[in-house]
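Below is one structure; the comments refer to it alone.
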Amino acid sequence: MTVDDFTSLLIWLPIGAAIVIWALPLSRYATGSLAVLVSLAEVGIWIEQAARFDFSRSGLQFSQKATWINDLHVSYHVGEFAFSLWFVGLTVICMAACTAYGFWVGRDRPRAYFGLMLFLTGATVGVFVAQDLLLFYAFFEGMLIPLYVLVGVWGGPGRLGATVKFVIYTMAGSLFMLAALIAYGIHFGTFDMLSGPVSSSRWIFLGFMLAFAIKSPLFPFHGWLPDAYRQSPPEVSAVLSGVIAKAGLYGMLRIAIPFFPDPASYYRTLFLALGALALVYGSLLAFRAPDMRGVIAYSSLAQAGLIAIGLFSGNTLGFDGAVLQIVAHGFVSTALFLIAGTVERRTTTDQFALLGGMARGRPALATLLLTTGVISLAVPGSSMFAGEFLILAGAYQRAWWWAVIGAGGIVLAAMYMLRLISAVLHEARGSTVSDDALDLRPGELALIVPLVATLLVLSAWPAGITHHTGTAVVETSIVTP
Amino acid sequence: MIHTPHVDWFAISTMLVLLGASFIALLGAVLVPAGARRTFAATVSGLGFAGGLITSIWLYVTSADGHLVVSGAFYRDRWTMLAQIVICGIGLVTTLVGAEHVARPRDEHIAEFFSLLLASAAGMTFFVGSANLMVMFLSLEWFSIALYVMCAIDYDVEGSLEAGLKYLIIGSFGSAALLFGSALVYGATNRIDFAGIAANGHSNDSLLVLGLAMIIAGLGFKSSSAPFHMWTPDVYEGAPTTVTAFMSAATKVAAFALAFRLMRTAFPAEEHLWSWAFAGIAVASLAIGNLAALVQRNVKRMLAYSSISHAGFLLIGLSTGSALGGRALLYYLIVYSAMAFGSFAVVAARERELGRPVTIDNLAGFGWERPFLGVAMWCFLFGFAGLPLGGGFVAKFYVLSAAYKHGWAWLVIVGVVFTLVSLYYYLAVVRAMYMRPSEELQLAPVAGGSPPREPLLHIAVGIALAVSVGSLFVVDPLVDLTKHAVAALPF
Amino acid sequence: MNLLAAYSAGGAVVWIVWVLAGFACIASAVAVVSFSNPFYSALALIGNLGSLAVLYLLLSAEFVAAAQVLVYAGAVMVMFLFVIAYIGPRSEPPWAGGPAWQTVASILAAASIFLEIIVVIGLKAGGQLAHTDHVNGTFGSPGWIGRLFLTDHLLAFEITSIVLLIAAVGGVILGSHTHRSQTEEASLN
Amino acid sequence: MTAGAWLCLFAPLGGALAITLAGTRISRTVAAWISTVSVFVAFGGAVWSFFGLRAHGSEHGSLTTAWTWLESGGLKVGLTVLVDPLSTMMMLIVSGVGGLIVLYSIGYMQDDPEERRYFAYMSLFVFSMLLLVEGGNLLLLLVGWGLVGLSSYLLIGFWHERPAAVAAAKKAFVMNAIGDATMALAFFVLIAHTNSLSFATDFNVHMSSTATNLVALGLLGGAAAKSAQIPLHTWLPDAMEGPTPVSALIHAATMVTAGVYVIARTHPLFEQARTVELIAAGMGALTLLIAGLIALVQVDIKRVIAYSTMSQIGYMFLGAGIGTYANGEFHLMTHAFFKALLFLAAGVIIHAASDEQDIRKLRGIGASLPWTKWAFLIGSLALVGIPPFAGFFSKDPIIAAALHAHWYGVILAVVALIGAFLTGLYTFRLYFIVFGPGEARTDHPGEGPWTMLLPVGVLSVLALVGGWIQFAPFWTPVTRWLAPVAPTLAVAEPTDWQDAVASILAVALGLTGIAVAYLMYARRTVAVPSRRKLQRVLEHKFYFDEAYDALFFRPAAGLARFLRDAFEGPWFISTPTELGEDTLTVARGVRRIQTGLLRTYVLFLGTGMAVLAVVLLVVK
Amino acid sequence: MLGPSIAWYLGISALLFGVGALGVLVRRNPLIVLLSLEIMLNGANLALIAFSRHAGNGAGQIFALAVMAVAASEVCVGLGLVVAIHRRRLALDVDRLSELRG
């Protein structure tokens, strides 16, 4: 095994482990332990990869190519750019935390559950390392397979409707992406994302963007989001908003923008506007949402809009900021959903009207929620702030009003996130909060603290990512008018 | 003195093996005591299909340069042989599923059942290699008649009889249309062999075109494409599930393999006509199949509509008429037949467990009770939907690519839109299997206690699963097979 | 053809025979479809088969004509009549049942199929189909047919036999099963 | 020297982290002392820097970078500490006053069950504030800016069971977020034009005047929000919901004065955008007047002091705006002393009166708190600017400088003088009411533990002598110290005559104010004028809160509700479902074709064939 | 060729095919439907034989013979079904056999 195999290993190790888990009649405990171990091994492999990554080179690293469908010039081609590395890191860390959360809360039907979680890990990593359009698409859809069951089986009371809507809605987008990528690949005779030429077809671009806009989601395409985030088990919501949704943004960064420079700049204003709308609209709805998950869900919508603004600013500041923001928001929303999960476990609800006063006597919960919350509202000095700052600095160079709207978004973020914090932690004790509801247990701390710690490290050194995004690759093909 | 033509016995050895097995099984119905009949017939059938598989693979290997045998009546080339391999494979797994079936009426006629199974497979292997309209028509009738009987073999069940009668009458109507079309083509060209038709036909000859239209209708019936599909749901639902599984997979392979060859070999000059015709039929099939499947409660019926919609996808590949389309078509057929067979086999398992028709509702909890079958069904359904959990994904990509390359972007869009529609009902089955607690289910296994153990059925489902999932990964070897097969056709 | 042509005083006789046979053929076909009693329909079909055999003769297909009479009228129709007798003839008004639109549509569909064929043939009648080659004396003779069966169409010949065999097996399975006793049937449901 | 600065910066952060991580493993007292010590260590570091800087000569500011904090494209921003006269002065004030207040908190908070959290927050705040003043570039300044806002939020809402406290905290944070946002926008302009966020940028070269004005406006927005200047001031009075030491530290001595620091720090830019700078001055004048008026009718002891803080910061803005940065900074320093003193003294009173803050109910409490009474008096006199107390030396030069600054300066000076009168009036209204004769009794005998009294004592001394280090125009070490960083503009260099006039008028008006207060509230010989309408306006604080509520909050909330009810539900959530339903309706129609009748099926087959044939024949 | 040309025979053949189709389409008695199918097949047979005469080759006649055998086979199976249905005491009416639908 060489270093280049690491990328493939990251994909197939968890999928292989999933199959092992399904096949072997292990006990609940053994299953969970194995799953957590594998997801930790993923983190380990990723760290090894990051340590070996040569950031001074801008090209693809840890790449591997094998034939898949020669007839149509489709290949199994994986590898990582610097920014892919960060996406992968986000994935493996968040997935490890969420898998461990599932272990901690003791999900029933453990073999199915952990197998699916591992499968999801592999598929998601695949999305971020695929260097072939069809392979990318395969993983992009492959994520839905475990998600459908994860939401549908272990979700809340409205899970059936939510999961069908989620899957069909996102598939609606990705099927048009399939049409678009067929058009692209057949036209140019290659599906390779490294050697593929740029295209100026607006239709193909829009096909791709539809998929990414739904996945991210951008403003008018978010209909699946509230239900899915509310009805999923908390760790799946965490994965959905922390990792899965990022695949859409990754797609914009990796495919829609660099491969379609002309259409991207032709539709730039449209997508900047959609991003801005998502930001304002999401923030306003987050501000009125009556429950914890609602706030996090709509804030994810707002953040996706902001990131889209960064991506479509089309300059270094925007790209770097977007990458940082994606990673930071991934951790933030994962942590927030997991915390929401711990709150729900203690109170059986996440309705603000029934919550409150949880800070008293639960310092760990309060500290973690507070820390994550203020990072999420982009208090200056946080990693989210660094990301937003770069994004909006980039957007300003496109036109001043995008930056103004974005800055307005920061204020709105403060409003809704403080509302969440207060409604859960502060004021009078909510009717569902009993006195003997415990503070976070060591097991829960072991999941959430690493996430928050990662965020703090990123806050202390955002340049660690922004200076090592390698988005120059994306930019070289951008035609700035 | 009559000089009988040279007969390349090896070229038709697959059919001979199958027919031989069929006769042995038939003899068994008379000679073997009732108690051992099932074992005997199933063994014979399994050996027959295995032998057929071996000979067809051998023939595939040795038929690199395709040619006509038995005085120009039969194509010995890789196109034929690949289709034969698939059909024999389907037959083999059908035998596995049928070997354990415990429905009473067929216990009386179990040997005849396997005999008919072998015979119909033999007919199909002839059908796909036929080189003139007469052999085509005769072998079509050959396997159709066997299928009519197999559909109705559960004659204690009203639905089975109804299915048999419907299939027979509509099938005969379709055959008559095909026959009349053949006659017109014969009249227009004075020839019945495919190559001769191509050589003598004129694409502006209305006699020929009318014949072509009627032939398309006849083949459309066999491949259950809209609007010639109406028999499909009823027959699939009414027929014994083992038969449905066989029919849904093997008939499609035979019909599409032949249709592509016929169009390419006999009607190359009329491509502008039949490609549009098939495209139109494809759209109709996609629309009707998918939409009607949305509101089904009976799983077999739903899968029947789904098979109509997949006929639509196969027709997309067919309509391109290109070599790429041919490869896509064969690849799709291989994957589709595995998935279709497998899904019906899983339904069969549930049906045997419950002793009544399987509906979406009484699948509840199935995935948890029978994990292996559940996972397999999960893979088949997601594969049908074109999600990357199996070759269904690549297959869809393939045919749509072929359509795009043909310049039919609109067809790609249509395919994509209806794939989206299809998602709903495939997911509904998964939802039923996993997301409803089995306590909701008021039914119990017929025998009571734990569900029957059916090792052979599990093996059959396992094979289907392996093909359907494996084809996602080993695409190139499969495509190479199809490539060689397509190379046998004139372009 | 040879036989008849030898005795005919030119085309006029052939025309007359054609008109009679054709009329009988069509009339019997219509009768088959419109009789309410299947027994009469079956009898009408015999007439149809017979008149067809005459037409075959006019087309120099002696062996086919003979086979038509033997196989159809002799074997198939006997089978039909036997079954009808077994079941007992029951009448059914020919145009009844089903929605009216369906009947209308059925007539339209059948008529349009017929018209299409007729129009196409009519278009061709003056050209391609007008000219017919002379054929030699052996055309259509049993020996000639037999030779074709054993040479050019050997495979078809063999297949035909298999089809018949399968149909026989099928007929046996479907038609000859033992009656289940009432108790057994009760236990089934 | 820079080592001192780093020590100064990170000692409080270390304290905060240590308390947080230790959790319940340490006692509350230990936590308190960790915090106190960490802040005093910071003070030590500041002193170290100060002397280091003096040794090197004050004009040599030095930048040291720990690591690159943010980098993208050509933009590179380091975690950089700047040690120069201005930052050193701020470090000293922040850590010194901060240390005293944290020490005071040990006594003040000792009964609180969540003391640890309090001290962690306090240390965090001191760290943030130090980051703000030490940050070597604009972005780091903004980081500190945001973090002080955060700590302010945390501390205002410290008693999180009180809805009012939570609301006030949120309000403070959101108001400050607005300021952060405008500042960030200013930086975007800067980045677009100079691709740099360093203090040393030569704005003249790179930027158009519009851009410069925009940047200055953005910075001013931030400054106004943080320093509670009109129109972004409404959060400050509400912030008094926090514990009193917090009010002393954040909402009097340090954070709220950061706006003045920013103007001084970025004065080259403001000088390029002179109009904006004058707007800042005008804003200060308006604030000092309005705050003074509102303070007249407030009945909450801390709110009165809060409004006086706003008013005093108005003076600082006025000074910085017209260009006498050093005097602004000097007033900042003295204000830190006497305002912290006032708050701490008020804290002693509140502490003694079991959290009673209504001055009408506190009447007469001075009798049992003799030391506090004196301390309060010193603070009040310093606030009014009566010589020789600190306020006199720092406030009057600002007024004098304004007098010199053209016609608008005169207007500003007049406003400032009216403000001086109001200051005297409201300060001593408070004093006379609280310390006048009455029946209020303390629940806790004594004036608290030594940890409370010591800081009050030290600050009393500082409020008395703290102003003596500069007496313009005779003795100006502060101005000279700051000259390399923030030289006073020529337009704000008053003549001696103007100095004299300003001082005399200011002191006279201040004394008048005290006299009026004496007559109205102590002797009660003059009735408090009863103008119901005016009083209601003042009691409603000129209806700012109500106006903002009507203009911003309610429209936003209404819009959000409207979007949710009219768009989100009917459109985005249900459209996919409805599409699905429509498809199902179509599907039911399709299904109806499948009649089960064999003849229909054949009909379809036949019709399909006929149609296909016709089509092919026609197309052929 | 004496007498009517091929086209006339084809006319009869088309008419037979159409009448047979009509029978299948409108009749409900499966026996009569089977008979109608025979008529359709016979129509096709006539066309084959006519074309065979027209082309002068034997393929059509051979085809026709094979079709006869096929027709017999279909009838055999069809009648078997009819008998089976009768034995199940079901109505011999294709409209009544509509349990499977939708």
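Each chain carries a letter (A, B, C, D and E) given by its place in the written order, and its residues are counted from 1.
The rule we apply is simple: a contact is a pair of C-beta atoms (placed from the backbone, for glycine too) under 8 Å apart; a residue touches a chain by one contact, two chains touch by 3 or more.
What you see is a predicted model; the values in this text were computed from it and never measured.
Identification of common neighbours of chain C and chain D yields B, E. Here A is the chain whose Cα centre lies closest to the centre of all protein Cα atoms.
Chain pair with the larger contact count among B-C and B-E is B-E, by C-beta pairs in contact.
Centroid distances built from C-alpha atoms place D farthest away from chain C.
Distance between Cα centroids is largest for the pairing of chain B with D. Between the Cα centres of chain B and chain E there is a gap of 26 Å. One inter-chain figure worth recording: chain C and chain E are separated by 6 Å, centre to centre, where each centre is the mean of the chain's CA atoms. Centroids of chain A and chain D (each the mean of its C-alpha atoms) stand 36 Å apart. Chain B and chain D have Cα centroids separated by 77 Å. Chain contacts: chain E has residues 10, 17, 20-21, 24-26, 28, 34, 50, 52, 54-56, 59, 62-63, 66, 70, 73-74, 77, 80-82, 84, 94-95, 97-102 touching two or more partner chains.
The multi-chain contact residues of chain C, meaning those touching 2 or more other chains, are 98, 106, 109-110, 113, 116-117, 120-121, 124, 129, 152-153, 156, 159-160, 163, 166-167, 170, 172-174, 177. Residue positions of chain A touching 2 or more other chains: 168. Every pair of chains meeting the contact definition is listed here: A-B, A-D, B-C, B-D, B-E, C-D, C-E, D-E.
Chain B meets chain C in the complex at residues 2-5, 7, 19, 26, 70-74, 104-105, 108-109, 112, 115-116, 119, 122-123, 126, 134-135, 138-139, 141-142, 145-146, 148-149, 152-153, 155-156, 164, 180, 184, 187-188, 205-207, 210. Listing the residues of chain E that touch chain D in their complex gives 21, 24-26, 28, 94-95, 97-102.
Looking at the complex, you find that chain D touches chain B at residues 580, 583-584, 586-588, 590-591, 593-594, 596, 598, 600-602, 604-609, 612-613, 615-617, 619-620.
Chain C makes touch with chain E in their complex at residues 1, 5, 8, 10-11, 14-15, 17-18, 22, 25-26, 29-30, 32-33, 35, 38, 41-42, 45, 48-49, 52, 55-56, 58-61, 63-64, 67-68, 71-72, 75-76, 79-80, 83-84, 86-87, 90, 92, 94-98, 103, 106-107, 109-111, 113-114, 117-118, 121-122, 124-125, 129-130, 132-135, 139-140, 144-145, 148-149, 152-153, 156-157, 159-161, 163-164, 166-168, 170-175, 177, 179. Of all residues in chain E, those touching chain C in their complex are 1-12, 14-23, 25-29, 31-32, 34-36, 38-39, 42, 45-46, 49-50, 52-56, 58-59, 61-66, 68-77, 79-84, 86-87, 92-93, 95.
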